[in-house]
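Going by the order they are written in, the chains are A, B, C and D; count residues from 1 in each one.
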Amino acid sequence: MDYQHILQSIQQDLQPLAQVGHQADYIPALAAVNPDQWGICINTLDGTEHALGDSDVPFSLQSITKVFALAMSLSLEGDDLWLRMGKEPSGTAFNSLIQLELEHGKPRNPFINAGAIVMADILVERLNNPEQAFINFVRQLSGSPNIDYNFEVARSEHSVAYLNTAIANLLKYHSNIHGDIDRVLRFYFMMCSIEMSCRQLAHAFLAFANHRDPFDHAGFSLTSSQVKRMNAIMQTCGFYDEAGEFSYLVGLPGKSGVGGGIAAVFPGRYSVAVWSPRLNSKGNSVMGMKALELLTTHTRQSIF
Amino acid sequence: MDYQHILQSIQQDLQPLAQVGHQADYIPALAAVNPDQWGICINTLDGTEHALGDSDVPFSLQSITKVFALAMSLSLEGDDLWLRMGKEPSGTAFNSLIQLELEHGKPRNPFINAGAIVMADILVERLNNPEQAFINFVRQLSGSPNIDYNFEVARSEHSVAYLNTAIANLLKYHSNIHGDIDRVLRFYFMMCSIEMSCRQLAHAFLAFANHRDPFDHAGFSLTSSQVKRMNAIMQTCGFYDEAGEFSYLVGLPGKSGVGGGIAAVFPGRYSVAVWSPRLNSKGNSVMGMKALELLTTHTRQSIF
Amino acid sequence: MDYQHILQSIQQDLQPLAQVGHQADYIPALAAVNPDQWGICINTLDGTEHALGDSDVPFSLQSITKVFALAMSLSLEGDDLWLRMGKEPSGTAFNSLIQLELEHGKPRNPFINAGAIVMADILVERLNNPEQAFINFVRQLSGSPNIDYNFEVARSEHSVAYLNTAIANLLKYHSNIHGDIDRVLRFYFMMCSIEMSCRQLAHAFLAFANHRDPFDHAGFSLTSSQVKRMNAIMQTCGFYDEAGEFSYLVGLPGKSGVGGGIAAVFPGRYSVAVWSPRLNSKGNSVMGMKALELLTTHTRQSIF
Amino acid sequence: MDYQHILQSIQQDLQPLAQVGHQADYIPALAAVNPDQWGICINTLDGTEHALGDSDVPFSLQSITKVFALAMSLSLEGDDLWLRMGKEPSGTAFNSLIQLELEHGKPRNPFINAGAIVMADILVERLNNPEQAFINFVRQLSGSPNIDYNFEVARSEHSVAYLNTAIANLLKYHSNIHGDIDRVLRFYFMMCSIEMSCRQLAHAFLAFANHRDPFDHAGFSLTSSQVKRMNAIMQTCGFYDEAGEFSYLVGLPGKSGVGGGIAAVFPGRYSVAVWSPRLNSKGNSVMGMKALELLTTHTRQSIF
C-alpha cells in the first residue's frame, strides 16, 4: 500500500473544502488559530510513518484526550467503571443536560462531556498527582516527552465553562462526582488543553491499533480485550451525534475534538491523525472527516 | 480455526443461561414457541459451514428482516434514502415516538420501527408486487426457495399493532409515508413474519461479509462500498438501545430480532446466525448475545 | 355595568388587529370561512344579553366542545374520571405525543386532544347513542334545538387525522381506550364539528357561571362543586400552552377552539362568547383573546 | 361568615392526616423542625383576623418568598420582566433542567427555581443592597419589623445547592443571568430563608387580595391590574406540578413552600396562611392543602 501517494491524492481532493466550516471561537486561544492549516499522519504497525501538510504543528486536542482518560480509568477501575457511566451512543448533542437528568446522573458514555467529567473525578480521586500522571501517560504513549498542557487554554475554558459547570453540579447532585467540583473541573480542562501535532497523535494512537504487544504505559495497563472494547466505544460514541455518519462514511473507530483534530485506528494495521480547524455544524472537522473517508475509500479498506 | 470445536465450547458455557429471560409473548404465535431451543450456524467465506443445536428449526425473523429491507431500499434509492431517514443511533427504545416527534417525522435510522416502516413505504411504492419481490430476494440470498412468510404471525401482529400504527400515522402526518397506511403496515408485518433457520440465515448474511463477489440478488445490486456501509449501520444501530453494549462485548456488526434471532458478520471472514427465544430486558436474545461474545472471545477475533 | 357600551368600545379598540393572524386551513371547510368576521355575546346571570358583530353566525366550535364532553364525562364517571387522565396543565403543545408516551398513556388533562379522545371513548362506552345524547345535551344547554353537527367537517377532519389517530393508537396501546379506535375517533370528530353562534355559545356557557341553580341538563347533572372545579380546569388548561398568558391577561376561566371561538365565564356574573377566525401562533383567536382582555380591563372585574 | 367556627371544624377534619407525609430534610435546619405542628390564620379585608393552632410559630418560607420577589421585580421591570421568563405553567417538576435547556434558558414562570434565580439576578443588579431592600419590603408588607433571614438556613442550603447551581450555570450559559453566579445564588438562598408565622404571612398576603388600596410598600408599587395578574400567575403556577390539583380542589390563587407553608388569597375578601411541615410527594404540605380545600368547601366560596 503506497500510503504517501494516497495522502497526496487526498490532499488534492480536499481542496474544494478548504474554506468550508468555522473554527471554534468560544475562547480566544482557539479563535486565534490560523484556520487555513491541515495536516495528516499515518503510523503503521509495520513501523512506517507517512505525513503530509502541517503535520508537525501542535493543536489543541480537546475531546480527543477523553480516549486517554478512558484508557487510564479503565485500567484503574476495570468493569466497575460502567457502574458510573454507560457505553451507549447518546443520540443527542455532546453536552446535553436533558439525557443526564432523565437518566439520573449516569452519563451515556465516556465520550460525552458528562462522562469525561466523571472520569476526571475518578482520576482525581485515585491518583496522587493526576495532572502529572496524565501528562506522563500521554508522553509515553506518544513517545514525545515535550508534550504539555496549555495552561492559558485550560484557564480560559474554565472561566466560561457554564455548561460544563452545570453538568458537574447535576452529576454531584446525583452523587456521581465524589470530589470537589472545582478541583475536578480544573483537571478536566487541563486534560482538554493538551497540545500535540498529528505526528505525535498518530504515534499515541498506534497503541490502540496494536493487539500483539501488551498495552502498558506509565503504569497503566490494559488487556488486549480491553483495548478492542475501547475501539468499539470509539466506533459507536466517538463523534457526538455524528457517530453513525462517521461510521458510515469512514468505517474506522476514532475520536474527534473541537480543536479540529481527529484520531482513528484500523485495528491490526495503522493509526491515523488528521487536523484542520474548520468544523461542521456538529463540531467535527470538515476536512478531517473527508480526509478519513477518502483514506478508506482509496485504500479500499475499512473494518467493515 | 476449528469453528466446530469452538461452537461446542460455547454451547457448554451457555448452560447457566438456559433459563434466563422471557420470550416475546405479545402475539400467540411467538408465545407458543418452545423457549428451550437454541441453535447456531457459521458460514465462512472459505465455503465451510458449522452448525450446532436447533440450527434447522425455523423461527420468526422479525426485525432481522430490516437488513433485507435496507439492502433493497438502498439498491432502489441510493443515497436519496437518507433524505427520509438518518443513520445515527437512536439512543432510546426502538419504538419511541418521542424522538420521531422531536425530529419532525424523520426516523433516526433504518433499524428502528419508524425507519423500517418508511422503507416498507418505499418498497410498496417502487415495486409492483412488494411481497413477491421481497420473498424472492430473501430466497435468493439464503439459497432456500422454500422460505416463506407466516401469514398467521403477520395478521396477528397487525391486529395488536397500536404502537406501530401510532408511528405510521405520525410519519404520515409529517409526509414521510407516501402510500396508504394500512397497505404499508400490512407489508411491514409480512416482512417481519418471515421464518428461517439459523442455517438459512447465516447463508443469507454471508453476502454482507463478502466484498469480493458483487452483491446482486434477484435484481437488487449494491456496490462493495454500500455493503460495507450497511455493516456500519448494523454496528451502530443494530441492537436498539443496546447497540453500544453489543459492539463492546461482541465487536461485530449484526442485527437482532424479537423472535430471539441474531445475525452478524465478520467482514471478509464469516457470517453467523444464532437463535434462542428468551430475551433480556432490551429485547435481545440472552443466549444469542452471549454466544456471539464467546465466539469473538474464543476466536480472539473481532473487527476491533 | 353598561355592557353594550363596553362592547362597542372593545370593537373599536380591536380594529388594528383585524388582519392579524391566519385562520385554520387544514380542512377545506375551515379554510373557506370568511376570516373578516367577528362577533361577541355576553349573557348575565341577571338575565340580560348583549351582542355585537356577527354574533348570530354559526362557526365550528372544535375544541370548545371538550367542555361539554367534560361535563358529561364527569357526570357519568365522577372522580373515577381522574383515574384515566390528569388535571394538570400540559406545558406543551396541545397535540404532543411526547408527554403522553412519557406518562404511559395518561393524558395530562381533559382539554388536550388525548384527554378528549379518552372522554370520547367513555361516552361511546357508556351511552347507547352517544351522538344523539351529546347533541341533545348541547341543545338543552344552549336552549337552541336547531344546533347540529357538520357532517362534512367531521368527515373531512377524520380523513386527515394522522396525528389524532397516532394519539388514539398510543392510548389504546396503554389500554386507555376501551372501544374500537375508529368508532371513538368518529365520535370525537362529530363532537368537534358542532356549529354555534356566539349568542348560542354564551347561552350554553351560562350554566357554568351559575352556581345557584342546579346543573341538570338532558339527564346529565353536576354538583355546584363539580361545576366550580370544571371552571378551575378551564382556567389552568383551557388555552393549550397559552393558558398562563390568557389567565394573566384576561383572568377568566375559558376554552378556545381552532375555529376561532372562545367561551369564558365570570362565575356568579356572566358568560361570554367571542369569535373571529384569525389565530395566533398558539392556535387561539387573536381578536378573541384581545376582546376578552379588554372586557376584564374595561369592566375592572376579573376573578383575581 | 363565622371564620373562627369554620377553622375549628377544619382542625377536626384534619386529624386523620396528622401523621401523613414527610417533612423536608435535605438540610439540618428543616429536618430539625417538629413535624407535629400546624397553624392557620385568615385576614379579611374587613379587618378581622382569625387564627388557630401554632399560628405564631415562625417557619421557613422558602418558595413562598418568590411571590415577594415577583412583586419587587414586576415593580422594577414592568412587562420587560417577561422578556426573561414566561408565565406559563411548567408541567414538570419545579427544578427541571430539561425544560430550561429545551427553551434556551428562558424559565417557564417566576415560581420555578430557574425563574426565581433570574429574579434574584434582577434584584441584585437593580438594587444597591438587595438583602436590605428585600427584608424591608417583606417587613412592611407584613407589618412586622422583626421578621428576618435565617442565616444558618441560607448558608446550609447554599452548601448543598448542586441542582440550583446547575440551573444558575445553565441560565448564565444562555445569558439570562447578568451578575456573578455565586452572588446571585447567595441572595436567592437568603430570600428563601426568611421565617414568618402564619399570622405574619396572612398579613403580608392581604395586599394581594386588596384591590381598593394602592399597592405601594417600601418603595415598590404595583397597579391594581399588576396585582391581579400576579394572582393569576399564582393560580396557574403556584404549586409546582400540582397547580391544577390545587386549583381544582381549592380554587384560590396561592403559593406553597417546602417548609410546609401555603399562602393564598381570595381577591376582594381575605388572605390565608397555613402551615404544617409534612409534605406530599409533590413537595406541598399535606395538611395545608387539605385545610384550604376544606376552607373553600365550608365557606362555599371560591373564585370559580
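By our rule, a contact is a pair of C-beta atoms (placed from the backbone, for glycine too) under 8 Å apart; a residue touches a chain by one contact, two chains touch by 3 or more.
Since the model is a prediction, treat every value here as computed from it, not as a measurement.
The chains touching subunit A as well as subunit D do not exist; no chain touches both. Annotation: 32 Å between the Cα-based centres of subunit A and subunit B. Averaged C-alpha coordinates put the centre of subunit B at 55 Å from the centre of subunit D. Inter-chain spacing, taken between the CA centroids of subunit B and subunit C, is 47 Å. Shown for subunit B are the residues that touch two or more other chains, of which there are none. Interchain contacts close the chains into one ring where each touches exactly two others, per the touch definition above. Looking at the complex, you find that subunit D touches subunit A at residues 96-98, 101-102, 162-163, 165-167, 169-170, 172-173.
Partner subunit D is touched in their complex by these residues of subunit C: 86-92, 99, 108-109, 224-225, 228-229, 231-233, 235-237, 241-245, 247-249, 251, 253, 267, 297, 300, 302-304.
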